[in-house]
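Here chain A shows up in two complexes: once beside chain B, once beside chain C.
On to the complex of A and B.
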């Protein structure tokens, strides 16, 4: 039995070498994979060089401040005119799966002013490019790998029958199931070799840290490949002709890879509309600018409730004082705090809803898993948003003592300004959830295949 | 038949879901725009420059036909905050606010028509010849003196008719829905846009029908024809679009917003050529003003110097911004042109471009909106600067202007480009699509003339 299996696999290898179409498909997937690695890397490298250039802009801005305020400055002037950057540095893994990184900005320019007016700024982007999406290695695995698997396995039985060789094979003491299993196993090995080749090339090219993530990566993709082999098996088990198999498998691909995720996304957006973002902007502006019209003492009183440590500060009446200005900026942010929480909550709920609906699509789950590995998922985007907000808190902690204790801001103080660079970590929850969903789908597909195989007619009839 | 029903159901759901998300988004933006206007008009007495910083908002309205093809809308910002001195980015795009794992499209009619219809056509037509050949009926037909060309023409006609029957009701529903959306009486512009869409989709389907029939006639087995056609579909609809876009991105670099803003700031400060800095410009401007009014100090001027200086500065920096922004848009257009021209290789890219430009959701419509927002911002800022200049001469810095002076300022409104304005840039794509349709038909007829089909 084992020997038979080995012989059959060996003959498949001979067959593979002589059959041009299968080789051609293998070459195509390899080439697209290589292009995916190149194009994903170039996108992330581009982001990296833009992020590096920010340091120069930051230094230029400080030089300008020093020129503008040659002696000790009022920290309020610095808070108003000086800007710093919250940077979302990509991990090299991001080169293999861009995820949300092209849609969400990779940095935020921040001043000491009300943060809620600064958190949602966008980067220069070409929406046409975004709408088509990036051609990264993840795309090759999620979209094209199933098509490759389908194209090399849809006719393993039907073509033998259509050529009349199946009867010949079965006239030997070989069971149909062994024959089929050997053929599919051989093809799985081919796919595994391609996956290994592309992944390792990708890791080396992208210069990633090869750790547990690499193992998870391979596991996820091979599991996904196994799922598609199981689906192919289920369709082959119906024992109809090649055209039927091709149409059905492509139909399933379309449903699982394209239609379900699109429907899930559309449904979650219609079901949970999020307009808090617009509301935050409007309300915050209203609150901040009304600061000019309200009695100064009242503003300061409300501010001291949040920062009692500064309540002994000198009076803000009379000529314009920056600390009063920053006090009502602070109150503007405070007024939308609950809206902001709602906003984040809703975004999370909406993402969770679409992730749950995506249970129907192993393709979406693979994408979720490798986005999780690369730290480029939606959660990473939200984490960066929160981290930027925290960074602004740190800036306030740094500047407020200068402002409210009337300390002069010297040129040396720039050196101790807090800095921030965020680097998202692998998202274990997303990875785990994605792997479980794919496993479930694979088990279901195998069981369905076995049931169909048992109940369908003899192949030669 | 099953496929026809599936497609019909998909078309129907896509129109409904397109309409649903259209109305949600449109309602959000209308409400927000309304609030923003109300807030602006109910300001207390303020110094004009305070009002300029209070600023205004531009929310991008969804175009009436975008429910048929959302195009780039999910990836474009919906809200621009318009304030003095600075040009803010358009924020809160849908894509930034949802977890998009599979970026292939929205559930709109365009998605079904551009992406799924070709597949239906392939499934319908792949065995047009091969099956007849396998069953031996082809010989029978030929023996009755019908030429292979005639058979092919007949098949193309038949399939075209079938597709028309499937598509027609859906289009009718689409037209009816667009009637509901346009509160104003249905205008000629929308009709022309819909009509162009219809004609383009017709050509698009015709290409796939003819191509499928052709391939089917060239292949010995149904299986081979099917695989070849599916390969074409994957290549055209999945691989090439991504390839061309990533190529454009790699070829033409754009600056980050931070770098662009810094460059504008630098040039505004030092002058465009670096010799004409802001202080010098202000000094020259002041001297000119003093001369004009024949006085020797700013306090004797019958106008508010600060307001006029700010107006000068705003004009200078806005011009700079516009220059940089136009360059940026120019680079994006270069990137996108690769996709546009590859329409000659790939009909999918032509139809996509035509469809979203007719639906009012393409790049050009977005840029028009951004420019309209910037021009509104500039005019509002200058209006307020002039109020300060002429109404607050020799007044203290914290003087407030009576609110009636500014609270009737007209609200932001935006006129999307007309049909004729968008038709011209789409002509290349339309031309490419029709070249394809004509070319593949001629190819099909010529090849079948010289072929022995049996």
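On to the complex of A and C.
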């Protein structure tokens, strides 16, 4: 049987070599993959260029401050006019799987003012472009690879029957199962070669650090390919004609790759509505603006409850005082703290619900897995948001003593200002869950295929 | 005595339709047997049952004493099948097709041996390295014969082998079959071709509506008598 298997696989290669349509499909998927690598790399390189330019902007801003305040300055002036950046640095892996990086900000410009209205500011992006999504290598693997697998496997038995070669082959001492397995195995090898070629090209092009993530990346994509071969096998096992197989497999592709993920996202958004975003903006804005009209003593009393270490600061009555201004900025943030916690909690819960529903779609699971590997998933963006908020806390911790202890802010003090560069890590839990879900789906598809194969009619009957 | 090919009460029905009714038949080594009958008589069903492509409703088919239903793969070791229209892998050459088919039967031949098998089976040497996509029906049939010879088949099952062949090709084909028979290969041929079957067969079975209605021995009846009998049965 092993000898027959080898023989059949070798002759599949001879057939493949001279089959123009199969070669054309293989070339198309390779070219799409190369374009995906180029496109993803361009987007991330663009973000990297912008992030690198931030250092220059930052230094220019400091130079501007020094010019504006030639002598020692009031820290309030610096806190108001000076800005710094929370940088969301991409790993090179992001070039292969952009994930949320095209919709989420790659940096935030922060001042000492209330942080809540600064956390959600990002550059304007063409919404049409966002709705279409970015073309990266992950897109090629998640969306196009299954179509390639379907195109080379849907008719492996039916075309042999339709051309009359199946009867000839089965008149030899060969089992139909051996024949089918050899054909699907050969095609899996073709797909594996394409996956390896594109992945290695992508790694070299994107200059990624090749570590355990590379192995996980290959494992996830090959598992996904195996899932689609298993689905093809389940449909082939019905032993109907080529048209039936093609329509059925395309229907399954549409369902698993497009419809299920959209339904899962829509359901989770309806089930867990997150209205806190707007509420945070309104409440925080209202609190900050009403700060101008409230008695200064009352504002400072509430502020000192949060920062008792500064209660001995000088009075804020009389002329405008920055410490009073920053106190009601602080109280603006404090007024939405619980809302912000709810907001983050709901986003996390909703993402978890969506991820659970995505168990029905190996396509969504592969996307989450390789986003997890590349650190470009939704959780990475939430982590960046929290890290930015923490960075603002560090800024306050740095500036508040100058402000409330009436210490002069010298030019040299700029050098001590906290800096922040966030780099997301691989999301191990998401990767693990994705691999398990895809393994489960593959096992189910193989079992379904075996049951159908055993119970369906004799193919030559 | 063990027959090389045997049907014992072999029947096949598809729902309400009866394709073959209790066929009892035994073939000896080196015998050429023709099964004559109109379309739908059950000739191809009989071949498909011997090949194990379909399962009998009742009865058994044996190849070299092996029950086809019980051991379908083992029984095929002794069989070679040449359908009415031999379909090969069009993107492969004649030699590559023969190499594939003989390898499937467990025979690995060198290039020269494959070429010799093809030439002996009547294929022109210049066609050996051409893709079979450009072959005529007769040329494909010759590759089929070469495959049967290459696998050292004890039984050759032929389904309408001369249909669509020109007289010259048909004559060459008959000579090939006679040669194989002389070497001990048993030939079972389902056909409409009374002339060709009476020319080469030892025995002829006449089939109608799934039933074997007569079995004629060529040593007893001459060709014209068989032809006359067959036509009488078909008119009845």
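As a convention for this text, the second predicted complex is superposed on the first by the 461 of 461 C-alpha atoms of A that agree within 3 Å, B and C clash if a C-alpha of one lies under 4 Å from a C-alpha of the other, contacts with A are read in each partner's own complex, and residues count from 1 in each chain.
The definition used in the following text is that contacts are C-beta pairs under 8 Å (C-beta built on N, C-alpha and C of every residue); 3 or more make two chains touch, one makes a residue touch a chain.
The model shown is predicted, which means the values in this text are computed figures rather than measured ones.
Undergrad: Once chain A of both complexes is superposed, is A:134 in touch with chain B (first), chain C (second), both, or neither?
TA: After superposition on chain A, A:134 lies in contact with chain B alone.
Undergrad: Quick one: is A:175 in contact with chain B, with chain C, with both, or with neither? Answer first, second, both or neither.
TA: The answer is second: A:175 touches chain C but not chain B.
Undergrad: Touch check for A:309: first (chain B), second (chain C), both, or neither?
TA: neither
Undergrad: Between chain B and chain C, whom does A:419 touch in the aligned arrangement: first, second, both, or neither?
TA: After superposition on chain A, A:419 lies in contact with neither partner.
Undergrad: Of chain B and chain C, which one touches more of chain A's residues?
TA: The partner that reaches more residues of chain A in the superposed model: B.
Undergrad: Report for A:163: first if it touches chain B alone, second if chain C alone, otherwise both or neither.
TA: second
Undergrad: Touch check for A:18: first (chain B), second (chain C), both, or neither?
TA: In the superposition, A:18 touches chain C alone.
Undergrad: Touching A:456 in the superposition: chain B (first), chain C (second), both, neither?
TA: It touches nothing on chain B or chain C.
Undergrad: Should A:345 be classified as contacting the first partner (chain B), the second (chain C), both, or neither?
TA: neither
Undergrad: Once the shared chain is lined up, is A:368 touching chain B (first), chain C (second), both, or neither of them?
TA: In the superposition, A:368 touches chain B alone.
Undergrad: Any idea which chain A residues touch chain B in the complex?
TA: 21, 32, 35, 39, 42-43, 46, 50, 53-54, 57, 60-61, 85, 100, 103-104, 107, 109, 117, 120-135, 139, 142-144, 147, 151, 155, 159, 162, 241-243, 246-247, 250, 254, 257-259, 261-263, 265-270, 273-275, 277-279, 281-282, 285-286, 289, 292-293, 347, 350-351, 354-355, 358, 361, 363-364, 367-368, 371, 377-378, 381
Undergrad: What does chain C use to touch chain A in their complex?
TA: Where chain C meets chain A, its residues are 48, 51, 53-55, 73-74, 76-77, 79-81, 83, 85-92, 96, 100-101, 103-106, 131, 144, 151, 157.
Undergrad: Within their complex, state which residues of chain A touch chain C.
TA: The contact residues of chain A facing chain C are 3-4, 7-8, 11, 14-15, 18-19, 163-165, 167-175, 458, 460-461.
Undergrad: Would you pull the chain B residues touching chain A in the complex into a rising list?
TA: Residue list for chain B touching chain A: 10, 17, 20-21, 24-25, 28-29, 31-32, 35-36, 39, 44, 46, 50, 53-55, 57, 59, 71-72, 74-79, 81, 88-107, 111, 115-116, 119, 123, 126-127, 222-223, 226-227, 230, 234, 238-239, 241-243, 245-246, 248-250, 253-262, 266, 328, 332, 335-336, 339, 362-363, 366.
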